[in-house]
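See the structures that follow.
In what comes next, chain A is part of two complexes: it sits with chain B in the first one and with chain C in the second one.
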Partner chain A sequence: MNILVCIKQVPDMEGRFEPNEAGSWFDEVGLAWRMNEYDAFAVEEAVRLKERLGGEARVTALCVGPARVVETLRKALSMGCDDAVHIDDPEAPERDPWQIASMIVGFAAGRGFELVFTGMQSEDRSSAQVGLLVAERLGVTCATGITAFEWRDGAITVEREIEGGRSCTLRLKAPALLTCQQGLNSPRYPTLPNIMKSKRAKLTVLTPESVGLEPPKASSGNFRPHERNAAGVILDGDAVTLAAQVLEILETRTAVLGKGGVR
Partner chain B sequence: MGATREIYWNTGHGAVVVMYLVALVAVGAMALGFRRRRDIWRRGKPLDRVDHPLRRLSRLLADTLSQSKVARVPEGGVPHSIFFWAFLLLFAGTLLVMAQVDLLTPLFNVNLLSGDFYRLYSLTLDLAGLLALVALGVLAARRFVIRPPGLERTPGDAAVHLLLLAILVTGFIVEGFRMAATELRDNPGLALWSPVGYLFAELFAAMSDQAQRAAHRALWLAHMLLALGFIAIIPWTKLRHIATTSGNSFFEPNKPKGTLPPVDLDDESAERFGASAVGDLFWKDLFDADACTKCGRCQERCPAWLTGKPLSPMKVIADIGDVAEKENGKPLIEAVSRDALWSCTTCGACEEICPASIEHVGKIIEMRRSLVLMAGEFPGDEARRACDAIEINGNPFGLARSSRGDWAKGLPVSVADGKSETEILYFTGCYASFDPRNRKVAESFIKICAAAGVTVAVLGKAERCCGEPARKLGNEYLYRMVAESNIAAICASGARRIVTACPHCFNTLARDYRELGLDLPVEHHSTFIRRLVGEGRLKLNPAAFSATYHDSCYLARYRDIAEAPRVVLEAAGGRLAEMEWAGSEGFCCGAGGGRILAEERMGTPIVDERLRMARKTGASTLVAACPFCLSMFEDGLKRSDAHQSLKAFDLAEVVVRSLENP
Partner chain C sequence: MKLLLVGEVRDDRLTAETAELSGFAARLDAEVSMVLAGSADALPSFAGRLYLADLETCGEFSSDVHKRLVLDAIEREQPDAVVLLHSSYGWDLAPRLAAAMQSAQVSGVVGLDDGGYVVESCNGKMRRTVRPLTDFAVLTIQPGAFAAAPMAGSPDVIAIEAAPDSAIEFLGCIEPERGIDLSRAGVIVSAGRGVGGADQVELVRALASALGGEVGASRPVVDAGWLERARQVGSSGQSVSPSLYVACGISGAIQHLAGMKGSGFVLAINTDRDAPIASVADLLVVADLAEFLPALTAALEQR
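Up next is the complex of A and B:
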């Protein structure tokens, strides 16, 4: 059984984001890079399934992006993926979801992946479209934002979180694409032997053209960093002073203690 | 009348032959026992602990003969020392008898045991026997009546005490019968040189000569069998510590304190890291288990044990010994237990006080390495996330790598560029870079340098966590990743001297980075400031305040730096009141061993115990010289009512206060 995991490398969200020269996206200088958190859930779930199934399953990790994403692919290998495919695309950060999906589909189509796991969305672009588009264009069933997953001979049961803390259970049949949400699992810390193995592993490198890169449907107008509202206030002191300060702020700067404010 | 006696009087020549035969059997049993033990030690990996043999031998002799390690804790230690010296004298006296009869008399026709020497010999051995009896009584009373916590009472312990008692008492009785039948009648003057034997002789004086002789012969035989039995059972009982504990003085590491066993990360064929089985440990680790006498001193000083956590350093060693002995028992880590392993703060109080030179911490780290490197296990999810954050952002908080040098904005500090030359490179560390409380320490240190005219550079965003907490959690791979990055940055910076205010960074850069090729002088700010004060570069204008000083384990215990911070503190006006555990016997704040990255879920917070000791001094200021300690204190004080009366500061902060005083 072949399982595909689509992962993305994203900047650590604590970094300082400044617009690039063109103003179309953020400047990468000074940013630290890591695997998109939701994709780490996808890798973990795929590897867990593989471990449950034993020798018959094989997990392929796929990442679209510039040369730096090799680190993230190796991370996926060290977590237990068997193969890594790098679609080497320096333009990837600024491509729209349709283009990214087109490349993934170009690779995946015809390779018989029974299951595709990916993150619900990326932490940087947050379009939450790539998974859906890939499912649609591969013509497979799709469930988004899963928080639990069960596999029984091609029959899949997933939990999904819906608005307001409610959740539901879905049953679907493979082949399917699942996008993963927080709560699904706790991704493992790679073991050292696996890290060493991942460093020696050969990656499959493909060009965007070879996997059918298509023209974009949307283009990025501009990028604006976080616009700060009023700066946060950090209060200091013991409980009594803190309480007095909070009260003063509530009284002077908000209306929550105003007359008639009680609902 | 001359002062001598007939050796082997009344025993007959046959008995002496029997004695030598039994001695042969006893020594054989001892040799066999030690061979069995050696087979167990050999289950561990090879390790060279015989380099500089003369240095090792003199350490063995000094430690053993002086009993200095065991006597460091007077209760138990002093009676043990007295018993040891007394028993050693008795043993030497017995050997002298054998040598006299079978070497000196037949070969050289010399009688050493006569005249004044014999008088002195008799008196010494008699008093030694008495002292041994008294010391044994005190030891037995302590173990079986007073029962201090941590000291076990097994049937084996009782048997050993009884055996020693029997050897001593039969010795005196044999002497008593001999003297009753000989000296008491023929040479009463000489009898007085054996005062205890004299008392026993008086007891038996009324018996007939025949009865005295019969009783003497029987008890001589019993005494001989007991004494040789003692030799035979040494390796088979806790008595083996006579060889293994002193042996451990020989096998002590010759490396700087805190040096961890290396992990070969470049060996591509390596499939096992850390210790998950006895065979992954070194032979010395298994030898340590045999050197342990279960005296309980480590346990009684272990901050984890004293605050209700399931870690007893003594039990860790005993568990390793059990697993080594039973080949198909529980797996090593199950036997020791994960909770015990993760509870260790690596403070080293156990090793510091251990009279048997046992290395507890290295074993715990080796087992942690197995958990982290082979199974991806951590003491908690927060510790795993902190390691991820160190890997990605270079700090355990997960804050932006690029903002690492932001604290220094507006301060007289340059970011090292490899060209400009400053007097020192200040390795800031994660806490002083990001933690708001410890940033004040960094600012204070810079102010001190400015006042003393010391130019300072920092690595800024090129600096990463030194890797110490991750390494102590067992994450050697992450440690190496950040260490190599830091070493490259330091080398590129053009630095000639490094100063850090963090004892963890200090130990890591000064000792561990050296193994990886960093070769620069590294200093802790406490000794650096002391020098500035001593050289007159830093002028202090102190106003008196009451203070107590908390020794960071990684300064006082690992680096013997206890005096310098106190000198600085006093120069800054601190009137020092010491806590009950101070200096090399200081009590951990709870943050060492990577515990700073993990929640303290079991027992009570270690820092609360330390704050209780600090409050007891009545001082208004608690001075630390470590960002981990300071963070723990601030957290602990916030939780308690004491933060009104007790305030925690770093040494640099109190120095700055005395700079600013008019």
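Up next is the complex of A and C:
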């Protein structure tokens, strides 16, 4: 059984984002890179399934992106994926979801993947489109935002979150694509021998053209910081001084610290 | 501009957020129609054409059936765009429509910018403007981003149906754990991923106790098992509106903000001054939680 996992490399979200010269996206200088968190859930779930199935399953990790993403593909290998495919596309960071999906579809079509796992969205573009676009274009069933997964001979049972803390349980059949949500699993830390092994592994490298890159459906620009609360106050300094300042503000701006001490 | 709104029904009722679709359409001064899987016995207040399918026949969670319904309405109505909420229903359905229409999709619209649509990026820290390059577009709007427009009038109902066979079988719903009702709490002190670990949650508990409040949590904290799920604040947890909300190490994902935006005064404590929680904080303290929380707790206890 062949399983595909689609992953993306994103910057650490704690980093400082500055617009690039064109103002279309962020400048990559000074950012640290890692696997998109939702995609790590996808890798973990695929590898767990492979381990349960024993020798009959093989997991391929696929990543579209510039040269830097090789590191994230090696991370997927160290977590237990068998093969890694890099669609080497320096322009990937600013491509729209349609284009990214077109390349994944171009690679996956005809390769007989029974299951495709991916994250429910990327942390940087947050479009939550690529997984579904791939599924629709491959003509496979798709369940999104799953928080539980069960496989029994091609029958899949998943839990999917809806609003208000509720989840629903859905059943579908392979071939299928599943997008993974936080809460599905805790991705493993690779062992040192697996890390060493992944460093020596050979990656398959493909060009965007060879996998059928299509023109975009949308453009993106005017990348800028989120507006702050204009009325908000920012304080920093040493903890004790800050505590006194905060206490004073809470006393004047809120009614929660009633007279005669703390409630 | 002609917009087709996709209404949402949960528990046999049109969701309150559906009125935000109308609010969005009003901002664009658009001509609107609506498509809905609902019930002819409980028609929404809406002035315009309503393409109505029977929810019971279609199933609430069969996205492939809903896709066929909306595509049918698009075919009849020929709108410039179809608009859904960026909800568990909408973000699941939208790309299915975009794929079928071979069109642009803009996800999670929070504002308008000179003919383009503003969306959030980088976990809510940044924003960008997306413009469709296709004549037709699929849009999802972020719940809470556009003020609801009052829904009035009687719809002009056009009954539609789609083949009810679905590749997705619905087995049932799992209700959330109950037991902790944060919705009436006057003070909530919430722990986010930034607290760093299960043992550090004690610092949050101590502050909550000094303030006479309840302990809340963001989603990653609950997923990590540091606090019980019943304490989760946000769109997949509880909606709260305390007089004072203290966000400890919470970056402020839009789903979290949606659950606490009704709070009176928001105190955020974070090491990252660019974290999106700053967009709703009345007071942002840039500090290490391990040092600041005990200092604030001590200061409160000494009053």
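The criterion applied here is as follows: the second predicted complex is superposed on the first by the 229 of 263 C-alpha atoms of A that agree within 3 Å, B and C clash if a C-alpha of one lies under 4 Å from a C-alpha of the other, contacts with A are read in each partner's own complex, and residues count from 1 in each chain.
Here is the rule we go by: a contact is a pair of C-beta atoms (placed from the backbone, for glycine too) under 8 Å apart; a residue touches a chain by one contact, two chains touch by 3 or more.
Computed from a predicted structure; not experimentally measured.
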Chain B versus chain C as contact partner of A:R16, first or second or both or neither: both
Partner chain(s) touched by A:R52 [first = chain B, second = chain C, both, neither]: neither
Which superposed partner A:R111 touches (first chain B, second chain C, both, neither): neither
Chain A residues touched - chain C or chain B, whichever exceeds: C
Which superposed partner A:P193 touches (first chain B, second chain C, both, neither): first
Touched partner set for A:R34, first chain B, second chain C, both or neither: first
Touching partner for A:N229 - first (chain B), second (chain C), both, neither: second
Touching partner for A:R152 - first (chain B), second (chain C), both, neither: neither
Touching partner for A:L132 - first (chain B), second (chain C), both, neither: second
Which of chain B and chain C A:G183 touches, first, second, both or neither: second
Residues of chain A contacting chain B in one complex and chain C in the other: 14, 16, 186, 234
Parts of chain A lying in touch with chain B, wherever the complex brings them together: 12, 14-16, 30-34, 186, 188-193, 195-196, 200, 234, 238
Residue numbers on chain C that touch chain A, as the complex places them: 10, 61, 63-64, 87-89, 91-92, 94-96, 98-100, 102-108, 113, 116, 119-134, 137, 167-177, 186-187, 210-213, 219-220, 223-224, 229, 232, 235-238, 243-244, 251, 264-265, 267, 272-274, 276, 278-288, 291-292, 294-296, 298-301, 303
For the chain B and chain A complex, residues of the former touching the latter: 265, 268, 270-271, 273, 372-378, 381, 384, 387-388, 392-394, 398-403, 436, 461, 476-477, 643-644
Chain C partner contacts - residues on chain A that touch it in the complex: 11, 13-14, 16-17, 24-26, 96-98, 123-129, 131-133, 136-137, 141-145, 157, 159-173, 182-183, 186, 216-229, 231-237, 239-240, 242-244, 246-247, 249-250, 253-257, 261-263
